[in-house]
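You will see two complexes here that share chain A, one where it goes with chain B and one where it goes with chain C.
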Partner chain A sequence: MQTDVIAAPASRPAWRGLIGFNLLTGIVLGIVGFAVGAWLGGMIGDGLRWVGQSDENDIAIFLGFALGLVGYFGGLGFFNYPISRLLGHPPSLREYDSEGWGRYFRMCTDHKVVGIQYLVVILIFFFVAGFNAMMIRTELLRPSPSIWPADTYLTLVGEHGTMMMVLMSAAVIGPFGNYLIPIMIGARRMAFPRIESMTVWMTLAAPIVLLSAIGLGGFPTGWTGYTPLADQANLGMDSYITAFILAGTALTLVGFNILATVFTMRAPGMTWGRLPLFVWAQVATAILMLLSAPVLVTALLLAVLDRTATTTFFTSGNGGSPYLFENLFWFFGHPEVYILALPGFGVALEILPVFCRKPLWGYGMAVAGMLGIAALSFMVWQHHLFVSGINAPLRPFYMLTTELISVPTGFLFINAMGTLWNARMRLEVPLLFVLAQLFNFLIGGLSGIFLSDTPSDVTLHGSYFVMAHLHYTILGGLGFSLFAAFYYWFPKMTGLQYNMRLARIHFWSVFILFNTTFAPLFAAGILDMPRRAVTYASYLQPINDWVSISAFLLGGSMLLFGINVVYSWAIARKPAVDNPWHSRGIEWQLPTPVPVHNFERLPVIVAGPYDYGVPGALPVMQPEAAAAPAGGE
Partner chain B sequence: MADQQLIEGEDIQAAVRNYWVGSRLWIAGLVFYFLAFAFSFLYLRSLNANHMWHPAKVQAPAVWGTAIVAALVVSAIVFTIARTALERNSLSIWRWAALVAFLLALTAAALQIVEYRELGFGPGAGGFASTFVAWTGGVLVVVLGMAYWLETIWATSIRAGTTLADTSRGERRMLAANVEGFGAVWYFVVAVAVATYGLLYWVG
Partner chain C sequence: MILRRSGVRIGLVWGVLSAATVLGVVFGLGPHMPPGQGTPQAVDQSTTNTLMTALAAPVLILIPCIFIYCVVNFRQRGAQIQDGPPVRGHGPLQLGWVAITTVLVLFLAGYGTYTLLVTSTGAGGGQGPNPVAVPGGDPLQVQVIGQQWDFTYRYPGYGGVETTTLELPRGQMVELHVTSIDVIHSFWAYQLGVKADAVPGTDNIVYVEPTKLGSFQVRCAELCGIWHGNMTSVGYVVSPSAFRSWIEQQQREWAPVTKQLPPYAPAYYPEPVVRGG
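Then we have the complex of A and B:
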């Protein structure tokens, strides 16, 4: 085993540890790179007629971001291996699989370290974007602008929306997917561990780049970046575009890596029919990521060209069309909805049998549901454009395909109901969150039918009804599953217990307050309150004041969660037992903390993961099998 | 197992399969990347907003385009020779042919950059002009990435030793898998370049 490759001798002074390829170097080189790029871009822009005539030089900003990112990734050490390959050094599988604190602040190819890095990044920016939501709700206490002018308010909305979309796309698949997929399939690593590590550092850089928009005059488009507004917007738009390109690239790479891993790295006996549903959900998500995110990246690259090189993709006066962006964006944007939702269903179906103590009901149906959702989600995107003036005869097709998606989604609900049927549930915190997730997603899904239906969408489009709908699916569905996953796997990932009382208080407060915050917004939408507007009609003030106060309390309940995380992880540090939930999952059969390379010898899988309460059920794996080659069947 | 080949303590079978699976997945991702350009082309062309899709004075320079695509096609053919040579263990042919294939890919990239300077119209001269610049640029980026990949394979085989006998069986299997994976993606990219050429220079 290759451990402790770079462990420093104990005698070295502590500051020496800061020198080398790590986050600190990455930040320093990132800033230097930005400065060089912005200066170069300034020089280039001065020589160009169309830049010289305006007072804004987008070339300088984009070049600054580009070279800044080169410096950042170079400082983190991501160019070392590509350069050594350029010089003909043989391929290697991994590096820096060491122990110790330093590995969390550098490129590390241990998938468990990457999982923890993801978890921390997501939690930090979840609170930043959540704080943003509090500022939005503060402004909306009054029907006319009271704290911020309209453009600042729009920037707040855009920052909240974009940051949450970027984070939530990685919320389950990042921390839990990276940590658990190799273990769950009986492997020691991901197929491409350096790419895996790179995605987490992209996911850290994206929200920081996005936040830089505040210093560049903000951006007015919300998370969707619609043209021609985006073509006309000031420099802050460049931050949005760069951040989303980063996120889109990361999504593509995550999808690529997960698919390769599950295809090639499964342990002997880990047949497709024994794959845990958590892994199946990540596979379905990975397909969406690999195929839809490149379209987003291309669309944003075209936007870069429009803003820097005078191309006219998105301005109709000169042979372009804003609909081109809208189509490309939603070709990614609708699969994105399931990139958000599917991992959450994976968590739910993984956790349900453990706490119901009975086998999962309808394994094959669940797999069919997930793959069916993935396939259909590429054929629905124009339901976002029903009222945009698209060719009207297209509408029934997109209405039908969208409504068809409720069939495979219904499969997953039937799986959950069948598993819950006659179960003697153990109402632990993870299960509570899963039950609430199903409840919330049901409301989110049913409200979606009204938006997929063209006649009702004509009145509801662009209103708070849409906003309530998407928060029910993303926060109420995926967000709750994120909490379920956290409370379920935290003892495994950290080896520590969390405060159970606080967790229960968090559950009940967040469940009640989530619903009291977002359910009234359906009403606000039906009463014609438009999204992304700083003003609203005065008769809507009682609803908005109620929602704002409820939202503040919801934010407070999230703080309880934050306190629990920090207290349990950093202060109390009470060791957890190895398998507190008596789960059959492979990850729970390993010692805590999980050894650097997971398995001393590769396991042989001999049974399915959900045979709870089945008489004579075999344990899932034989841990000390002969050293056999990795791979399926 | 008697014939177990290891790198860094791990059986190479998974790594070998990763080349195969990874290259196919990469193709799948690239399909959608190029699809976005193709969609832009077809969409803007059919809308022809303000009759500004393709003003008559905008002429894609077919000579340069032909040269670029020819370089790519010849690179793919020479690569096929290199790959066959490697399968037959004739290492010196592999080395020269792989080097030529790599240099041809770079030549195509260089010709593309020259073409931008000789274009005769700006990227703002309508929908076609915009799409032309962006799509050829999108191909250019991928070609450069593929050239990098081919160089790493070539350099690895140079460094690995003067004769194949110097290398271990495991290293040879890894090399062969890498070459196979690269080939799959390269043929795909060259095919896309040919199709792009047809649309941009002839359909317009």
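Then we have the complex of A and C:
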């Protein structure tokens, strides 16, 4: 269905390009939709007792968001294809995946465009949420509220936590997963390209909806959204719920898209034993996304009903229970932390052999480790509720399953050590980040064992120890792997070089400052500092001042990264050499920039991706294989 | 041969560092390990914390040792790229690693379960309305009521009097009934080694036996609104005779209030916030 691009006539004025199905139309129709929905909700809520008494009309806000999102997706052009099919037009697989700038601002079914869109969205909001963290640390310089009012502080905490969770869930699988999975398995596209494109626009909308909470009075619950605190909250809670519903829906869609792609679209010869570990990690993550995210969406939809239709699912009394929300939330929430961790391990194990110049040590064990983590992660969620008053006989079971999960995680560590052993290591920036990622995750994982043990958890639950633990696993683990992936694949995805010296400075500063920021917080937690508290005991001020100053410097180090990205991508634009790392990966065998349809003819895979140093190893693929079937389009 | 020597070197460094760290953790840090020695529950938590730190330290030392050794010794520079030996694994080593980690983890889970159920009747954690680890005898009943943003305490054995500070007699098993009348809080008595969520409509039972005189810090450990961090107070463990005179004085002082209070119940169902229509 490839259509030739018709060059625009020279006489066409520039503003004509703005009209059509694109982001601008999406935003305009989104605002119109919000206004219509809010007006409708105002009409419905007018005579209701709650609205009259409290002057808070959740119905108007939710209807506004719902119709606003319909307008937004309609403006982006997501309803065109279903409507044209209803009108009897023939099916097609692709839309708007030609050349040119415009495709980055609209629905585009080219998975490489989607990957770049994801990367930009993730980077922008990573800095927004990081700026929230800076504001949080500014407040914590003093032991009592001094800079922000207490409610603003809680809103900052909630914005930071929720936005980071939403973004980091997509941080590796969004940009790098979408860009690389089809190439790595020898396919021309994802299985559902329109749905793939939809998820990136959802990932853009979710943080913006979340930020609207600031204008609606904020929300006090942090990223966990526990009731009944949420029932007390202002209209800002509606933004949290809508944003998380969007994000959860996007996770589900990404999950089944990746599973369908990898299961059905691998090139001939791409056996499960030759699948790159990056793809295996995304498969394990996709299973988690597909099975856990719908539970979150369901819980939040019930919360919407609680807030609009006077149901009582999550109130105590009237047949509801706050435990129901806690359980549904963590049934999603614990697999979620592996949705965050596993793609990072995929990046690490993908990059290690390239720079060690050795095959991956223990390929089968790595796959078993990832799938083992994925399977076990559904059986551990009540360790978040050890002291909540859940059914007491269950606690030993959840203690056992949680501690067992360190066994498959240990697989991945011995894979890394075995690959490093007797290697011919080239200490480039991506490898540095991978080593730091594994080190940070080691600390995060070991501190997690304390939290998995009920007697220890009684001391540590709800304290800064937990906060330090989760930042070690998510920022120290996944965040560092995101940097590794960025520095490794940036030359492929953009065809440009980044500033290597700035990258090395970024690595050393971010590694040192990350540890000086978060390691003292373990101590703060053990010394009884509760999480999310704007006031704390005055004897904790020295630790907090140290952490805040270190955090500001860490923010500065992240700015170095941002400067490097903008400078290399937009200003310097120095072309990169093909395959600068001498990798065997399929993505590096393709020309840069990768053609719209990736492969001229579908390749035949004849060797594994990590056969470094194997005498007489064949190249991974034979691109011009005569036997290649012309399927897929 | 060179590799074997490398292994021996790493093993030596790791052994010395680990031994020193473990000794330091057990004998240096151990006696001061939070939450302290104020109750058998806190002692169990401290012991578990020390044990975990002592077991985690060798792992935390081993892996960076190997990383650093590899980075220093197995590095290549220069434009010419050499490939390493195509080793794809080592069966006995892989199996051994799995076995060791599994045994360690099962030991920890077993030890945790033993602590939780046998030695200290729930290790100071909230067990919900139907506790499984129950002490014998006749514990002192105290209800802890969380509300935004303070804890209050009711003593059903003393006419259901409600007090604003928590005082407990030394040497007496206490049965705390933690509940809330608005949102979820978490009752955290740091030096007692007690933490239990206060959930509206739920009677969350904790057992604790204070064995040392002195004060303890009470905090809230679950986000409960803007003054979550201010939900803090000081409680006291006093001698049984001092406790008796204190509670009698409280009964006299609060008698007019006690008459107004709803009758003592395991949980209270205030009108929940129902939004919408």
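The criterion applied here is as follows: the second predicted complex is superposed on the first by the 610 of 633 C-alpha atoms of A that agree within 3 Å, B and C clash if a C-alpha of one lies under 4 Å from a C-alpha of the other, contacts with A are read in each partner's own complex, and residues count from 1 in each chain.
The working rule: a contact is a pair of C-beta atoms (placed from the backbone, for glycine too) under 8 Å apart; a residue touches a chain by one contact, two chains touch by 3 or more.
Bear in mind that the values here come from a model prediction, so they are computed numbers and not experimental data.
Once chain A of one complex is fitted onto chain A of the other, the partner contacts of A:317 extend to both chain B and chain C. When the shared chain is aligned, chain C comes close enough to touch A:404, but chain B does not. Shared-chain residue A:556: touches no atom of chain B or chain C. Judged by the touch definition given at the top, the superposed model places A:593 against neither chain B nor chain C. In the superposition on chain A, A:89 makes contact with chain B only, while chain C stays out of contact range. When the two complexes are overlaid on their common chain A, residue A:215 makes contact with neither chain B nor chain C.
Put chain B and chain C next to each other and count what each touches on chain A; the higher total goes to C.
Looking at the shared chain after the overlay, A:290 reaches chain B, while chain C stays out of its contact range.
In the superposition on chain A, A:619 contacts neither chain B nor chain C. Of the two partner chains, neither chain B nor chain C is touched by A:580. Once both structures are placed on chain A, chain A residues 306, 309-310, 312, 316-318, 320-321, 323 are touched by chain B and, in the other complex, by chain C. Within the complex formed with chain A, the residues of chain B that make contact are 1, 7-11, 13-15, 17-18, 21-22, 25-26, 28-33, 35-37, 39-40, 43-44, 47-50, 52-54, 122-124, 126-131, 133-134, 138, 148, 151-152, 154-160, 171, 174, 178.
Taken together, the chain A residues at the contact with chain B in this complex read 1-2, 82, 85-94, 187-188, 191-192, 252, 255-256, 259-260, 263-265, 290-292, 294-295, 297-299, 301-302, 305-306, 309-313, 316-321, 323-324, 327-328, 331, 627, 629-631. By the touch rule above, chain C contacts chain A in their complex via residues 3, 34-35, 41, 44-45, 48-49, 52, 56, 59-60, 63-64, 66-67, 70-71, 74-77, 81-90, 93-94, 97-98, 101-102, 105-106, 108-109, 112-113, 115-117, 120, 122-133, 178, 182-184, 186, 188, 190, 193-197, 199-204, 217, 219-230, 232, 269, 272-277.
Remark: chain A residues 48-50, 54, 56, 58-59, 150-151, 153-154, 220-222, 224, 226, 228-229, 231-232, 306-310, 312, 315-318, 320-323, 356-365, 385-393, 395-396, 399-400, 403-404, 406-407, 410-411, 413-414, 417-418, 420-427, 435, 438-439, 442-443, 446, 449-450, 453-459, 461-463, 526-528, 530-537, 582, 611-615 touch chain C in the complex.
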